[in-house]
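Letters are used for the chains, namely A, B and C, taken in the order the chains are written, and counting of residues starts over at 1 for each.
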Amino acid sequence: MPLTIVMAFLWAPPAALLGDASRILYFHVPIAWVSFLAFVVSGILSILHLSGVKKQNGGLDEKAYHSAAIGFTFTIMTVITGSIWARISWGTFWNWDPRETSIVIILLIYIAYFSLQGALTDNEKRGRIGSTYLILAMVTLPFFVFLVPRLYPSLHPDPIINADKKIYLDDHMKLTLIVGILSFSILYCYLFDLMNRILVIRKKIEEYRETSN
Amino acid sequence: MVRDIIRNLRKDFRVEFRSRFALNVSIAFAVITTTALSLAAGGVPFSPRVQSMLLWLIIFFSAMNGLSHIFVREEDQGTSLFLRITASADSIFASKLIYNLAFMAIVLCVVTPLFMFFMQVTVRDAVYFAGSVAGGGLSIAASTTIMAAMVAKAGGKGSLFTIISFPVLLPVLWLSILSTASSIESAGHADYGTLIFLLAFSGFITAISFLLFRYVWQD
Amino acid sequence: MDTDHYTLVARDISKSFGRNRLLRNINIALSTGESLAVTGPNGSGKSTLLMILAGLLKQGAGSVTHAASGEIHRDDWLAHIGYTGPLINAYDELTAVENIMFARHGAGACARMEALLERFRLAEHRDKKIKHYSSGMKQRLKIILSIINDPPVLILDEPGTNLDAEGKDLVRSYIDSVRSKKIIIIATNDPDEETLCTGGIRLG
């Protein structure tokens, strides 16, 4: 993490067109990557949970929930960093470009998922129904991928970067970005593991209380 | 299986049409919003885009008022366990889906003419218009049936149904609004790809719901 | 349905709700002709145990198997089980006949329905909506609903609730008349119903 910060601010040269503001790239892209990763992980965990794989120390549904919680936080951060960047480079905070649209949809799905979880009181039911909803929401995403680009043209620079790396990113920038993505992924794994461990400890405390009664 | 579905359907229609609560609420909602809009507009016709947006907003929210009722009722009246021991999960889902499709068809048949009458909509491409309304309605009913089951298990709490349905329905609403607008605006620009998309979406979501329903339904 | 020899085996059933461990290592083995009375104070887990045996609730640990000629898959249990309990409610908006027609499957149920309506003294109220029924009449109807398909396994949770003396007699005489052909499990605190059964377990 510190390495990313140092590299992002000091080492990588500013992008030709966008100036120093482009340094937000090194945070925006990794954060967006993590929110996507967390979403996929919780979807996969949900599928595993429903297909009946059992694991010790905390069900997969709870892990899926944790991953979604991290993903939700990162999605919000993506939106914030993204709209700051958009303000600087395109002049407005928000203009429904395809990526903005899809991140909003993911955000909506998360909100719906958490509302649903909040409404369910029974632990087992919560895991099952929450997982079902996540899967259902996930499988509709490909429809957006097909649909959204047909409706709105994109201003987002990422496709340009991907298609034509040499113009926008020199090696230093690329390296910084990769380090950023890696370090944010590690941060995600760390948080995820931490939340799972807290759950295990909490369960152990509960068990201990029960036996001591 | 087929006989089970018919048994379920006969029961659902009997129960629902003896009280007609859900249907009345949905249609009353549609009538009130349509007349309110028309009053507020003061007879000035909107542009096709706005017209189709309003039409779908009204359809969406009238549907949201009624579509969850089929499952929420079972939980409210405490009959869901009786239903569970009498019919298989698959036949229950199939019959509830058919019921919701019928419900949606009735809502559409009331809302759409009413809306056209009050909002001075002149449709240029009638076939395409009917197709997009029907296709959108089909997709809404197909994808919300399993959501209704989830909401019922969560205690049927008010607007939760709308909240969880919206992200999934967003592509449907989006496309329906666009295609309805273009059918109002001009003839001969029908993009039947949209209708195929809506059909594919409903088919796909129904298949997934079928697979997932047992996890929602069984304790 | 069939007169096959039918067995129900439960091994080491445990169930807990949150921190509260309700059932602990319960073992049951029954075959056709045997019956079991489950007794215990309120909140001891009688209903929970019965729901687990009927496949309506998942056990925390242990296993339940139903077998006729071969083992029956969990999804198909309900076709072989007649269950009724306090959480079962018939449809308020329908009449007794409509409710029964909904619950039955297979042919020959019409004649059975007439006989059962007569037997439980509901024949004259057959076309009344359930919402106009008294609670005792509802209980009679619930018992009819559980036995309309003549299931080889009968699981009754407090069958005597809300019934008057005549109603309880009717239920007892029905159970007595079919118990050699079925597995019957009753959760009850009524000593008369308890003595109908060939075995018993006490919870709590």
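Assume a residue touches a chain if its C-beta (ideal position, glycine included) is under 8 Å from a C-beta of that chain, and two chains touch if they have at least 3 such contacts.
Every value quoted in this text rests on a predicted model; they were computed, and no experiment measured them.
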| item | value |
| --- | --- |
| Label of the chain whose CA centroid is most distant from the centroid of subunit A | C |
| Chain with minimal offset from the mean of all protein Cα atoms | B |
| Separation of subunit A from subunit B, taking each centre as the mean of its C-alpha atoms, in whole Å | 32 |
| Subunit B and subunit C, separation of their C-alpha mean positions in angstrom | 38 |
| Chain centre separation in whole Å, for subunit C relative to subunit A (CA means) | 50 |
| Subunit C residues counted as touching two or more neighbouring chains | 58 |
| Subunit B: positions in contact with at least two other chains | 219 |
| For subunit A, residues contacting two or more additional chains | 124 |
| Subunit B residues touching subunit C - in the complex, by the definition given at the top | 3-4, 7-8, 10-11, 14-15, 18-19, 77-79, 81-82, 84-86, 88, 219 |
| Subunit A partner contacts - residues on subunit C that touch it in the complex | 18-19, 21, 58 |
| Subunit C - residues contacting subunit B, complex | 54, 56-58, 75, 78, 81, 83, 87-94, 98, 101-103, 105, 145 |
| Subunit B residues within the subunit A interface of the complex | 143, 146-147, 150-151, 153-155, 157, 160, 163-164, 166-168, 170-171, 174-175, 178, 197, 201, 204-205, 208-209, 212, 215-216, 219 |
| Residue ranges of subunit A in contact with subunit C within the complex | 123-124, 206, 209-210 |
